[in-house]
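Each of the next two complexes has subunit A plus one more chain, namely subunit B in the first and subunit C in the second.
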Partner chain A sequence: MSDTPVLELRALTAGYDRRAPAVRNASLTVASGEAVGLLGPSGCGKSTLARVAALLHRPDSGALLLDGEPVRHWRHRAPRAQRTAVGVVFQQPRLSADPRLRLSDLIAEPLRATGRSQEIPERLAELTAGVGLTPDLLGRRPHEVSDGQLQRACLARALVLRPRLLICDEMTAMLDASTTAALVAAVEDYRATTGAGLLAVGHDRTLLDRWCDRTVHWDDVTAGVLSAPGAV
Partner chain B sequence: MTCDAPAAGRTGEGGRWRSYGTGRRSTRTVRVRVSAALLAVTVLAVLLVPPLVQLDQQAVDLAAKLQPPSWSHPFGTDQLGRDLLLRCVYGLRVSLLVGLVAALVATVIGTAVGAAAGALGGWADRCVMRVVDTLSSVPHLLLGIFVVALFRPGVVPVAVSVAATHWLSTARIVRAEVLSLRSRPYIDAAVSGGASRWRVTVRHLLPAVLPQAALAAVLMVPHAMWHESALSFLGLGLPAHMASLGNLIQDARGSLLAGQWWPTLFPGLFIIVPTLALAGLAGAWRERINPRRRSELML
Partner chain C sequence: MTERTPVLSVRGLSVRFLMPGGRRVAAVTDAHFDVAPGECLALIGESGCGKSVLASALLGLLPANAQSAGSARLGDLDLLTADERTLGRTVRGRLIGLVPQSPAAHLTPVRTIRSQLEETVAALTGARGRAAVRAAARAAADRVAFPAGHLDRHPHELSGGLAQRAATALALVGDAPLLLADEPTTGLDRDLVDRTVDELRRHVDAGPDAADGNGPGRGLLMITHDLAAAERIADRVAVMYAGRIVELTDARGFFGSPGPRHPYGRGLLRALPDRAFTPIPGMPPELGDLPTGCAFAPRCDLATDACATLPPVTGGLACHHPVTEDARV
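Presenting the complex of A and B:
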């Protein structure tokens, strides 16, 4: 593990209206291989921060560094290597899965999009076992599976390109305890084998405390107090 | 026994509701069936009559000119003694062809423009939509006449002129759909998974708007047929010798004042019946796939 943090946010301000940004002056660091929990009440701007960190939303000001590299472009303009270095799992699996794709295509889509179709059979077998999906579910479409099963597929999709940082935005908020445990275990397995960093966003302190190496509170992130690991 | 009464009341009410529901459903079913049957008959006639019936629609018989409907000429004859039933079938053939081609071309252009504007967003979207607004502000029959006037009369210029003036509404519909889809988390997930703009559009956005675009295409067929008839009626569309519904009505104008109603009525019915049948079917499909969007499509 190197000393360069996998993700570093410096005085980040972002939102959908410049006069009222959802995130003000946020600073946060995720060291390589570290699991950081970001705790905050709903509606505080956590998801916006997660989208910025996943290069999906351009911040109004501040800096974002991935593996020490400053990020200059967002969404499609970001270099593909940088975009795919971050995997994201969203809160609502129904909205984050294309309703027309079968689960196998859903999981394999990032491989196809990056021109690595030859890896599909191998990665698909590996990941479905890892996240606990049975092969018969892979032929189904999103409306034919439960929320928990769909979220497992979404996690597999986020992991399929082997990201160095995984962002889980309220990944388990809609799920029951056993599915939550299975998903967290799958994430931890992946991190143990690859040494990837994790930013888990949520409002459940118990879960984040048990899951992550350290948990930071939203108020501290935006106050600029806790930017370095080990400051708790 | 006492608890039976309210239960009976409920079932009675339930029954009334159910029968009311089926009543409404059956009206719609009847409409769909009648439309489908009429459309099937006209399409079959248009496809089968020319190859099977060995009669010349252009055969002139001046001895039998302007005869009222009879057994030998069910729709009567025109001022050159040509059989109107045969000419109506040939005319509908041309009109349907123009309608289908124009609707298809217009939908392809509209979908491409709308998807590009919606998927690119920003200044590209603003520029494209201002062009669409500008073109929409010109009456489209006028624009169509302008396009037709640039070419020799024929099927292709008419189809081009109708297509070139009718992609605007499809472009608007497709753009609106794409804009609403673009902010969905599954598009974010695709971007995060390394998908290019092109891949996001082709793999995720276009398949989602395709039902809307196909519906717009079907609804545009009758509209395109009316336009073909209008252009031909004005003498700007198809060449005068070609049997098209617009040409037939144009030819019949003089004899209508002399009391000969059949050369106008039957081609008119041939325009109205298939287009209403098509519009009826498309309307039923539209209500099925999207009950909200009634007024946004023309017709």
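Presenting the complex of A and C:
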């Protein structure tokens, strides 16, 4: 493990209307290999912060660093090395999965998009077992599987490029207890073998406390008091 | 509680979907349960196990390719054989109040909460005349502590919690003896879950004809995958697996001591983050391709050869080898 944090947010402000930003002055650090839970109530802006950290939403001000490197561009303009370093899973698999793709293509798509198609068979085999899917499900489209099965596929997709940082935004909010425990176990297996960091965003304190090395509250993240792990 | 005439009495309810190519999906199989006035029955289970199909069957909202069997009695009426006119005019809203899964999606987006409440009041109650309808709509909002200052807002201008209250207010307007809540807390944070569930409980203990505070109360069938919410509100729990109710029991004993007696219920509770946090291995079976024996057998560490035959329901439990030791020791 290196000393450089895998993720660092410094005084980050972001939203959809500059006069009323959803995230104000947020600061947060995820050390290399660390699992941090970010706890906050509905509508507080957690998902917006997660989208900024996943390079999907450009902040209005502040700094975002991945492995110590400042991020200067977001979305399709982000450099490939930074984009592929972060994997992200959202709350609603039905909204984030292309309904036309078979699960195998859904999972493999990031490999195709980065010109690494030759790795597909091997990664598919590893990940299918890793997230608890069965090979017969890979040929189905999203409407032919349950929410839990689709979310397993979305997790596999987020892991397919072996990200150094995984962001889970309410990954299990729609799921039953057993599927939740199974998905968390899959994330933790991945982290145990790769040393990847995790930012798990949610509103279930019991879950985040059990899952993560530490849990930070939204109010503290946006009050400018938190930075390094253990510090405060 | 058992001596009281149930609000809802479901016997042998089964629903099959006929799929292209002649495939049959067994979404609900042979469900038996009652809901008493003043009682909350929580129907729990994994996603896709048939919970919502069961609710749709009760509301007469099954799609055209569904076939149902059995009976679901609400007073003198069998919900499964009632015609659409009866269902539309006397069941939905008047006999069954539906608290929907996604209140934001259930409310009409282009109309204010006040106008939706007034329309429902005019359709379902005796209130006549603008002033009376307006007052009754206001009272309906008060009943769920929906702030009067937000009545003229549109659904997208409400937080998740207020949208949930607006939807609950609509469900209560008709003073229906049975409330049916389908995943009413999905996507809400824990505080909102607790508040929503406590409000529902209040409406179970009050009404529909409990103006004097001594009425029998409403029955509530709450469908949920949120075990913490179920524990908070339910008197009894029905555990559904692969379309069957495999355990029907007292909530206190289920969540506390002695714990679930069906291995599947045990597994669900063990998966909770404040318990062992270990998943049940594997995934639920395909409802279109169920085994002839116990559907849980491939995931069950107690399975034996006996489990290749379907376990009958005895004493609210469908298992050849029920767990006997206390979950809490």
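Everything below uses one rule, namely that the second predicted complex is superposed on the first by the 231 of 232 C-alpha atoms of A that agree within 3 Å, B and C clash if a C-alpha of one lies under 4 Å from a C-alpha of the other, contacts with A are read in each partner's own complex, and residues count from 1 in each chain.
Keep this in mind: a residue touches a chain if its C-beta (ideal position, glycine included) is under 8 Å from a C-beta of that chain, and two chains touch if they have at least 3 such contacts.
Being a predicted model, the structure only gives us computed values, none of them experimental.
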First, second, both or neither for A:G43, with subunit B first and subunit C second: second
Subunit B versus subunit C as contact partner of A:P110, first or second or both or neither: first
Subunit B versus subunit C as contact partner of A:T206, first or second or both or neither: second
Partner chain(s) touched by A:D98 [first = subunit B, second = subunit C, both, neither]: first
Partner chain in contact with A:A185 - subunit B first, subunit C second, else both or neither: second
Which of subunit B and subunit C A:L161 touches, first, second, both or neither: first
Which of subunit B and subunit C A:T84 touches, first, second, both or neither: first
Which superposed partner A:S146 touches (first subunit B, second subunit C, both, neither): second
Set intersection of subunit A contacts, subunit C complex versus subunit B complex: none
Residues on subunit A engaged by subunit B in the complex (per definition of touch): 51, 54-56, 75-76, 80, 83-84, 86-88, 90, 92, 95-98, 100, 109-110, 113-114, 154, 157-158, 160-161
Subunit C - residues contacting subunit A, complex: 45-48, 159-161, 186-192, 225, 227, 267-269, 271-274, 277-280, 282-284
Contacting residues of subunit B [partner subunit A, same complex]: 184-186, 188-197, 199-200, 203-204, 207-208
Residues on subunit A engaged by subunit C in the complex (per definition of touch): 41-43, 91, 132, 134, 146-149, 173-182, 184-185, 203-207, 209-211
